[in-house]
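Presented below are the structures under discussion, each in the form of structure tokens.
Heads up, the next two complexes both have subunit A, just with different partners, subunit B and then subunit C.
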Partner chain A sequence: MADFIRLIVAVYFTAGLICLLLPGRTRGLIWALALAVSLAGFLSFVLIFQQRLSYCSAFLLWDGLSAVVALGISFFGLVISVASLSTIPSATNQYYGYLLWTLGAGVAAVVANHFLLLVVFWGFLAITLYLMINLAGPQAAYPAKKTLIIVGGSDSFLLLGLCLLYVLTGKLSFSEINYQIHSWQGAAAFLCLTVAAFAKAGAMPFHTWIPEISETAWVPVMAFLPASLDKLLGIYLLARVCLHLFSFHPSLWLLLRLAGAVTVVAAVFMALVQHNMKKLLAYHAVSQVGYMVLGVATGTTVGVLGGLFHMINHAVYKCCLFLGAGAVERQTGTSQLDDLGGLARKMPVTFVTFLLASLAISGVPPLNGFFSKWMVYQGLVEAGRSGQTDWVVWLVMAMIGSALTLASFLKIIHSVFLGRTTNQQVNEAPSSLRLALVTLALICVVFGLFYLPVPVSRLLGPATGVPAPALSLSEPLIFIVWGLFLGILIFFLSLLSKKRYAAVFVGGEKLSQQMHVSGTEFYQGVKQLPFLRRMYAGAEKRVFDVYEVGKQIVGYVTELFRAAHSGVLGAYLSWLLFGLLVVLSLFLRV
Partner chain B sequence: MVSFLLWLLLSLVFFSLLGMLSGWVDRKITARIQWRVGPPWWQNFADLTKLTAKEVVVPVTAGPFFFLAPVMGVAAVAVTGAVVLSALSGTGGETDVIVIIYLLVIPSLALILAGSSSGNPLASVGIARELKLVLGYELPFILALLVPVVKTGTTRLSTIFHLLQGPAVLSFSTIVALLVALFALLGKLGWVPFDVSEAETEIASGLLIEYSGWLLALFKLMKWMLLATGITFLVFYFLGGLAGPLTAVVKYIVLLVVMVLIKNTNPRLRIDQAMKFFWGWLTAFSLTAILLAFLGW
Partner chain C sequence: MGNVILLIALPLAMAFFIPMVGRKVRWLPDVLANITTLGLFVLAGQSWGREGIYTMGGWPAPLGIVLVLDGLSALLLFIINLISFLATLFSVDYLEKLYTSKLRYYSLFLLMVAGMNGAVLTGDFFNLFVFLEIASIASYALVGFGCEAEELEASFKYLVIGSIASTFILLGVALLYGRFATLNMADVASALQHHGFDQVSLFALVLLVVGFCTKAALVPFHAWLPDAHPSAPAPISAMLSGVLIKAIGIYALVRLVYNVFGISPLLASLFTYLGVISMMAGVLLALGQWDFKRLLAYHSISQMGYVILGFGLATPLGLLGGLFHLLNHSLFKSLLFFDSGSVEYETGTRNLEKMGNLVQKMPVTSGSSLMASLSISGIPPFNGFWSKLVIILAAVQAQRPGLALWAVAGSILTLASFSKIQRYAFWGQGKDFDAKLWEGWKEVPVLMRVPLLVLAVLCLGSGLALWHGLKGLFGPAISVLTDGPTAYIAKVLGR
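Moving on, here comes the complex of A and B:
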């Protein structure tokens, strides 16, 4: 089996290289190659997954957790390969080459047992991320640089953390270590690894690269990397670190829970006031990480299962949402909420899939997002049963975050698909994109209605290593299904009734273009509330941006050193003399 | 499976009837406060029948959600009612309060999608207000509903229904939480002082401006059912309604009358005032209730 996995990784890399070497004109050929390789990769992982094997050598580690993440990576690789041909404007060869390399490096990082292997492929992923963002042209240069500095910077934390761990334990592979933290070095190693996982997944405070790249990077790149793949990888690392690598004191759990809950709420408040569809989605890509971190940080079986389930769910619906946004942008030429409206009739498939994914991310039952959030909440309540009292705070923050998510997605739905209709001619998205959208939306429904038999037991059961606890929500679920059934019945009966069509009524006045109420103004009132006003002002000045803060600190430090470089020869000579005296006095003392 | 359908239909019928009667109580008391006589008890049934017989006028800009949204709202409230009823009957399984919280958002969601798909600018103003209102009341509502969870250590509905009886009901924290939840329910119903999203006198029913005929009837029915389901849930969740059928009815009527009195003695709040009220005072009250619950009061 180890040989087989190595073969898949090698095929990904070779095919990527071939794509890069082929000339950019041969779009069809490159697409066919990428599609064939990603399909073969996905099918082989399905095959391996079904055997339910586990394998462990010096370099490779294949257990339930890496199996499900590797399966997810190959699946999203396939979906994005299908969807991207019609959405990327140019540079097909580079795009697909980087895509396949990302897949290979992602799979390799997930199955790595040796620290060195992980660090190498993790670093490689940061480079392909940078390259893929950079494809969008010169306007993407700054966001790409920022991403490389944040994600690449976090890689050094990864290296530092693993080195510390090596010093502490003397071992170099995941499977051999279960370190009990009882010293500050251990805690530092844990925090370093957490930073790397957070930066990859986009949890606060290392999230700022995702909103930054959202407006300029290509939409399939957004749907592939920050929305699905980086979440899988980041949460994989977090789960590996928290569940297998360390066992530690509850106070560190508390820190993780705090980070998770703050990420949920703060990012969703930023999402509420955005004017650009892609940027709004990007803030949600940050906010949803909070649930995953919270789930893993509950430390209970239900909670961890919920966190991992949410990771998969998020990858599915956020991929669908970004691709939907890409379809809208492709067909209308804009992603500004102010300029869109009434697309539901012109792009029905995009609308329905986007709506389903929006309801799923907002946790409306019976879609998949509801069940994973519910499991995270159950995990928190269960943690509370063992005597802690902090769970109430996290529970409330997570639940209010869910309401805020719904609110901001209704803003998109209203501004883009419903509301006023624009007169311009718009066609439905191309069929390859529609195929991807429909597949992802269907998964949202299936993973919701059959959440217990399909994703929780089959996919994630082996990942946590314990049998799924009693998580029966079957009763409300059956009620909802019957309710849906009755509702649809009434709806179709209602279509038979007599109707009269008339113009919109605005109190007897004539409807004019000025009367259009855009969704972008919905939450101006929220921005004016006393405490939030200050937070929003701070966010606009980028006070909470780790990149800007880091830049200022680095600038301050270099400023200190710069002061010494006055350019006066006398000053330099006296410094030399001073140094000489210090060295001499040291020698003389010895 | 079929027994579930029967539960659902039972919930639909029971809460419709109870809701319409409660709506009548509301109208009667309102009339008496305003020195009028008020309608007879069957007035709401008559209104509903009349609406279903009327012609439906559809705006040309409307999409399919214009028809789907009212059905979705009614179905969601019926499901909520069925979940509460089955938990009461003791067959409730693992159903918990988090499901109720999420299900109770769907009626507002239906109203918003309905207004949005009508394409009317006045409805858009209504949506903007309704959305902010949802954000406002959801925070204190969640906090208030967590008080019994803190007290009992479980989120399971049937357990909470059974555990919170007798002396536990009369605790200080439960009463504060109940009051907060009542205000949140007023917000969910869009009753004065939180009726900004419909505000007949300024935006002509806002969200519902384009609705007529049986579609409007469905939304009216949804509001009545929400009233009945909401109060029933609160009676059993906070006030130990399982103690006896007679006391449960008395508790239901008391809560209903309190809500009607609040409705009739207050002016409409602006949306920013409503949000400050929910995120300020009510949140502070519900946080206090949770602290008290942790202290065992």
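Moving on, here comes the complex of A and C:
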């Protein structure tokens, strides 16, 4: 089996190289190759997964966790390969080359048992990410730079963390280590590894590259990397670190939970006020990571299972949402919410899939997002049973986040698909894109309706190694069903009352076809609330952005250093003399 | 062993032969210079893995001058002659377009190579001083080769600071000679072991250390470098940053400290402090730069900090990291300077704000520069990653995690400043980017592409390939350092 996995990785890399070497004109050939390879990769992982093996050597670790993540990576590789051809404007050879390399490196990083292998492939992923963002041309250069610095910089922390761990334990394989943190070096190693996982997955405070690239990078790149693959990888690392590598102090759990809960709420507030569809989705891609972190950080079986389940669910619906956004942008030429509207009739397939994915991400039953969020909540409650009291705060924050997610998706659905149309000439997305959208939306439904037999038991059961715990779902479901019923009742009752329909007008004038009321304005009010006003102002000045803050500080220090370098020879000579005196005083003291 | 002397004699002779015969035929200087450096590279390759003593004129060790070839000098010889061959190859078209007087250029170039080869081979203090003066003086002239005001100013500053450093070195050598009545390094080492350290020998040590640190451009002795390195023609910058500061700076320092005086805790901690300060100061200064080559020059300071940090840890793993990073730095930094030369060759500017979108016009240059940038920033699988890994691991293993954290911080800032280059020059656009000029830019001539490709492949390949044979490759050099003065004395003096 080890040979088989090695073969798959090698095939991914070789096929990527071939794609890069082929001339860009041979679009069909490249597409066929990429499709064939990613399909073969997916099928082989399905085959391996079916056998429920586990394998462990010095370099390779194949257990329930790496199996499900590797399967996920190969699946999204396939979906994106199918969906991309019609959405990327140029550079087919480079795009598919980098895509296949990403798949190879991603799979290799996930099945790596040796520290060095993980670091190498993890770092390589930063390069392909950088190159894929840069494909969008000069305007993507700045976001790409920022991404490389954040993601590549976090790799250095990964390296440092693993070095610390190696020196502390004397072991180089994940499978051999279960380190009890009792020194500050151990805690430092843990924090270093967490930084790497957070930066890759996009959890706060290392999330800022995702919104930054969202507007410029190609949409399939967004759907592939930040939305699905990087989530899988980042949460994989976090789970590996938290569950297998360390057994640690409650205060570190607390830190993780705090990061998760803050990520959920802060990012969703940012998402509420966005005008750009892709940027809004990007903030949600950050916000949802919070649930995964929260789930893993509960430390209870159901919570961890929920976190991992949410990781898979999020990858599915966020990929669907980004591809839907890509379809809209491709057909209309814009992704600004203010300029869109009424596309539901023009693009029914896109609308329905987008709606399903939106409901899933908002946690509406019976779609998959509801169940994974519920498991995370239950995990928090269970963690509370063991005596900790902090869980209430996190639970409330997570629920607020969920409600606001629904609010912001209502905004996007209304602005893009409902309301008045702005553009007459819009067609449905091309068939390859529709195929991907429908597949992903179907998975949202299936994983929701059959959450226990299909995803939780079959996919994730092996990952945690214990049978899936029972969910106490009956009471909430009754409440939710009643709630939905009441809502529908109110809606129909309102239909009974008399209404007058009139054309939309402003100041007595009828609205022209070009002018239309967009949903975005309804959400600007949130910016005026007393506490939030200051937070939004701060966010606009980017005081919450690690990258920008770091840049400011470093820039200040740099200016100090530069001011010292006046170019005056006398000053330089005095430094030399000063250095000589210092060394002299050190050595002649004795 | 006999042909070791050729490594010094051949470039020295060709330095004067080329101007004599090359005046008439246009292509002759290029061909002769390239053949010479290729020959030197072959010679250096032959001496790889060999050890021995060459006595000049047949006079045995303490009396006459000896050349000592061991693992450490063989490694340096390999680096010097590889980069100088690639630099002459790059010079052919580069000089043609941007400079005049190739004869003087090659003459000075070969003198510099002769000086460096001599400095890493010699086993004699005064001889070391002479060779490093040959190399330094040739480099002063080469820095001012363009004869523009800025270049002459840089050359002047370099000259003044460099001469003071040389004076310190000479004074140190003189003090040692006065104390022990010998100039042979091994002899001095054995005398030190017999008599122990006194104030005179310690003062000499301080003078020599400061002198070599100035040549190696470690903070606070670095001030000449950011002016000098960017002012030189690009292949010379590659030589200066890639090789010169190592051969007459780091190498001489390490040889002095490890093989003559013996590493002491005080020296080791001095090295680590110098390392951390240089690492951070260099990279912080680089971040604010808009001049392509100046940015690179500051990074040389920073990267020398990594190297000396490795040596300061004084564990076998630390030494391995230092030596490995020394080799890697010479590969990726010369590549980066070659890239900057290619960009200057096409665009006529070193200002990042005037560049843009070169990735579409110059695929070889931008591809190789991306690889080199990722190397220097320590991104796997490129070679810089492996050596930084070894250094960080060595620091953690030596119970100095603070040093490892500095190394990581420096690495992230390095990544930041190189992604700046990538952003403005290659992928995006600078502020003063002119699309009309951009239309006319194209890839550089083939002869300039060859060094770029060779080094890019080495940057990628050396990391992966070396990982297997790391011990075998650096083992001899490391054992030279870990065995200390005693083994060195035994080897040279036979006692």
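What we mean here is this: the second predicted complex is superposed on the first by the 544 of 590 C-alpha atoms of A that agree within 3 Å, B and C clash if a C-alpha of one lies under 4 Å from a C-alpha of the other, contacts with A are read in each partner's own complex, and residues count from 1 in each chain.
Definition applied: contacts are C-beta pairs under 8 Å (C-beta built on N, C-alpha and C of every residue); 3 or more make two chains touch, one makes a residue touch a chain.
Computed from a prediction, not measured in an experiment: that's the story for all the values here.
Asks: With the two complexes superposed on chain A, say which partner A:Met399 touches: subunit B (first), subunit C (second), both, or neither.
Replies: First partner only.
Asks: When the two structures are overlaid on chain A, which partner does A:Tyr501 contact: first (subunit B), second (subunit C), both, or neither?
Replies: first
Asks: Of the two partner chains, subunit B (first) and subunit C (second), which one does A:Lys411 touch, if any: first, second, both, or neither?
Replies: In the superposition, A:Lys411 contacts subunit B only.
Asks: Which of the two partners, first being subunit B and second being subunit C, lies in contact with A:Ile478: first, second, both, or neither?
Replies: first
Asks: Mind working out whether A:Phe370 is in touch with subunit B, subunit C, both or neither, as first, second, both or neither?
Replies: The answer is first: A:Phe370 touches subunit B but not subunit C.
Asks: Could you say whether A:Arg345 touches subunit B, subunit C, both of them, or neither, answering first, second, both or neither?
Replies: Touch status of A:Arg345: first partner only.
Asks: Count the residues of subunit A touched by subunit B and by subunit C, then name the partner with the higher count.
Replies: Subunit A has more residues touched by B than by the other partner.
Asks: Touch test for A:Val381: subunit B only (first), subunit C only (second), both, or neither?
Replies: first
Asks: Across the complex, what residues on subunit C touch subunit A?
Replies: Touch residues, subunit C against subunit A: 156-157, 160-161, 164-165, 168, 199, 202-203, 205-207, 209-210, 213-214, 220-221, 223-224, 226-227, 266, 270, 281, 284-285, 287-288, 356-357, 359, 374, 377-381, 385, 388-389, 392-393, 396-397, 401, 404-405, 408, 411-413, 415-416, 419-420, 422-424, 427-429.
Asks: Which residues of subunit B touch subunit A once you look at their complex with the stated criterion?
Replies: 1, 4-5, 7-8, 55-61, 63, 65, 67-68, 71-72, 74-76, 78-79, 82-83, 86, 92-95, 98-99, 101-103, 105-106, 109, 112-113, 116-122, 124-125, 127-128, 131-132, 134-135, 138-139, 142-143, 146, 149-150, 153-155, 204, 209-210, 214, 271-272, 275-276, 279, 290, 294
Asks: Where on subunit A is subunit B touching in the complex?
Replies: 342, 344-345, 363-365, 370, 374, 377-378, 381, 384-385, 389, 392, 395-396, 399-400, 402-404, 406-407, 410-411, 413-414, 418-421, 470-476, 478-480, 482-484, 486-487, 490-491, 494-495, 497-507, 511, 515-517, 519, 521-523, 525-526, 528-529
Asks: Quick one: in the complex, what on subunit A touches subunit C?
Replies: On the subunit A side, the touching residues are 119-124, 126-127, 134, 138-142, 144-145, 148-149, 152-153, 155-157, 159-160, 163-164, 166-167, 185, 188, 554-555, 557-559, 561-562, 565, 567, 569, 571-573, 575-576, 578-580, 583-584, 586-588.
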